[in-house]
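Each remark here refers to the structure printed beneath this line.
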Amino acid sequence: MARVRRTARKEAAAGRAAARGAGPAPRRGRNAARGGSAGQVERAIAGLGLTLPPAPAAVANYVGAVVAGNLVFVSGHGPVKDGQLTYRGKLGREFTTAQGYEAARLVMLNCLATLKAAIGDLDRVRRVVKLLGMVNGTPEFTEQPQVINGASDLLVSIFGDRGRHARSAVGMGSLPFNIAVEIELVVEIR
Amino acid sequence: MARVRRTARKEAAAGRAAARGAGPAPRRGRNAARGGSAGQVERAIAGLGLTLPPAPAAVANYVGAVVAGNLVFVSGHGPVKDGQLTYRGKLGREFTTAQGYEAARLVMLNCLATLKAAIGDLDRVRRVVKLLGMVNGTPEFTEQPQVINGASDLLVSIFGDRGRHARSAVGMGSLPFNIAVEIELVVEIR
Amino acid sequence: MARVRRTARKEAAAGRAAARGAGPAPRRGRNAARGGSAGQVERAIAGLGLTLPPAPAAVANYVGAVVAGNLVFVSGHGPVKDGQLTYRGKLGREFTTAQGYEAARLVMLNCLATLKAAIGDLDRVRRVVKLLGMVNGTPEFTEQPQVINGASDLLVSIFGDRGRHARSAVGMGSLPFNIAVEIELVVEIR
């Protein structure tokens, strides 16, 4: 299955919602006003040839991330590219493990966009603490770790040792919009 | 499928257990002794025409909520009404999305009962931080966000902006007692 | 289905990885250098006739546990015994609930091995805060709480009241390596 590229307004809205797997409205962090000068972490992202997507807008009674003390809890996010839902289908049926890896990498990029919107500057990340990688697969699919490595590898590429996290990579019965991968995060900031 | 109303003792015990989805024995928080004068949050609950159910009693080696510093981790709870299990079955088969929404609202009411028992006074809630909404559905069910909105909407009705939380709303393979929805929470208190 | 006892190198590596369900490389905690003198908690473990397995070694871009302030987030772990994957199959099909209970107990022992490696001394545990018990079952399997009791009961046997935790015990669509049970933990330390 290829990426979904429907341009209907409804799909785009679904895309923005699913960028959070379900969850919007990050508030501006205290450094958000700093403006355009990219920090060290964002330069690392650019160095990988990647660009942070726009953070999802508020659409319901939940938000993309909440800061509680030094911890940031980031909502479950999905694979959204150019405002459109992609990778819709199950691992072990519509997608291979290699495609799942790419999906997980894309999901993490969406998570980081929301994280930046919540804390203002990704250089405030002290440690990526915990990742829950949820894979939409058939009941017999067992390569969840290899799929979620797409997200874990990206975190370490970007943050180095600060990106090494605790995680669970597990198989769900199903996921919103039939997305292949959804990931939520806990991050420690300074 | 309608609500389950069996009156056997065993079912009632299962109900109390499932009110936690699995988890009992909240300790009394430091304000518990305050007694009957309802706080602002409880008046908001009453204003919605709702009543907090009794908090589930201890039944095993886990508890309904644990306070760690300023964070409260609330166990997974299920849809219990009048001490009885309700909404037993899968979304996309026994229940519609609209019924799931009602189930999620009921589950959240049970979560809040446990939270109150754990911290003594719901006015101590500084922010609802994170919600994990687990939906028991068929492998093709994809409307988990619409189901879990039942819980998210209730939180914002009760707590206002303090009720806006990060969340994941996802599909499980199955749930205890075949309940349709189970939700766990992280809450920040003062 | 019996325990898997294949001795191929690859399986052993998978075993070490699955001991984390997915997650390696715990760092040595500040008390790790204390050496061999077992603390109170480890004497309790020995008193139950149990031995902590070796903590899993680093194999990828995630770790077995991350300490953030006073909280430790322990990665999802699986049932590994003598470096080999065991209990591979689904509850309600390959395994009975009683076998699942034993699997959950074994998983928790692996979690504690990683926790010790991360914090140096299990006596630093102030409270087991939250457990997410993930059961690989058929869509109709509903005895997740009874399965995860194997982990909860062990925690209380070892830690007493400090071991009483919030938890969710839920059914997954599938799990890595087709393991029957995976558990992740949040622990408060001093």
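Residue numbering begins at 1 within each chain, and the chains themselves are lettered A, B and C in the order written.
Note that in this section a contact is a pair of C-beta atoms (placed from the backbone, for glycine too) under 8 Å apart; a residue touches a chain by one contact, two chains touch by 3 or more.
None of the values given here were measured: they were computed from a predicted structure.
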{"item": "Chain copies touching (chain A, chain C) - same or different residues, decided at half shared", "value": "different"}
{"item": "Chain A onto chain B, rotation angle from CA fit, given as a multiple of 5 degrees", "value": "120"}
{"item": "For chain A paired with chain C, centre-to-centre distance based on mean C-alpha positions, whole Å", "value": "27"}
{"item": "Numbers and ranges of chain B residues touching at least 2 other chains", "value": "69, 71, 136, 138-139, 171-174"}
{"item": "For the chain A and chain B complex, residues of the former touching the latter", "value": "17, 21-23, 25, 60-66, 68-69, 71, 73-76, 90, 132, 134, 136, 138-139, 171-178, 182, 184"}
{"item": "Chain B-facing residues of chain C, complex", "value": "69-71, 127-131, 133, 136-145, 148-149, 152-153, 155-156, 163-174, 186, 188"}
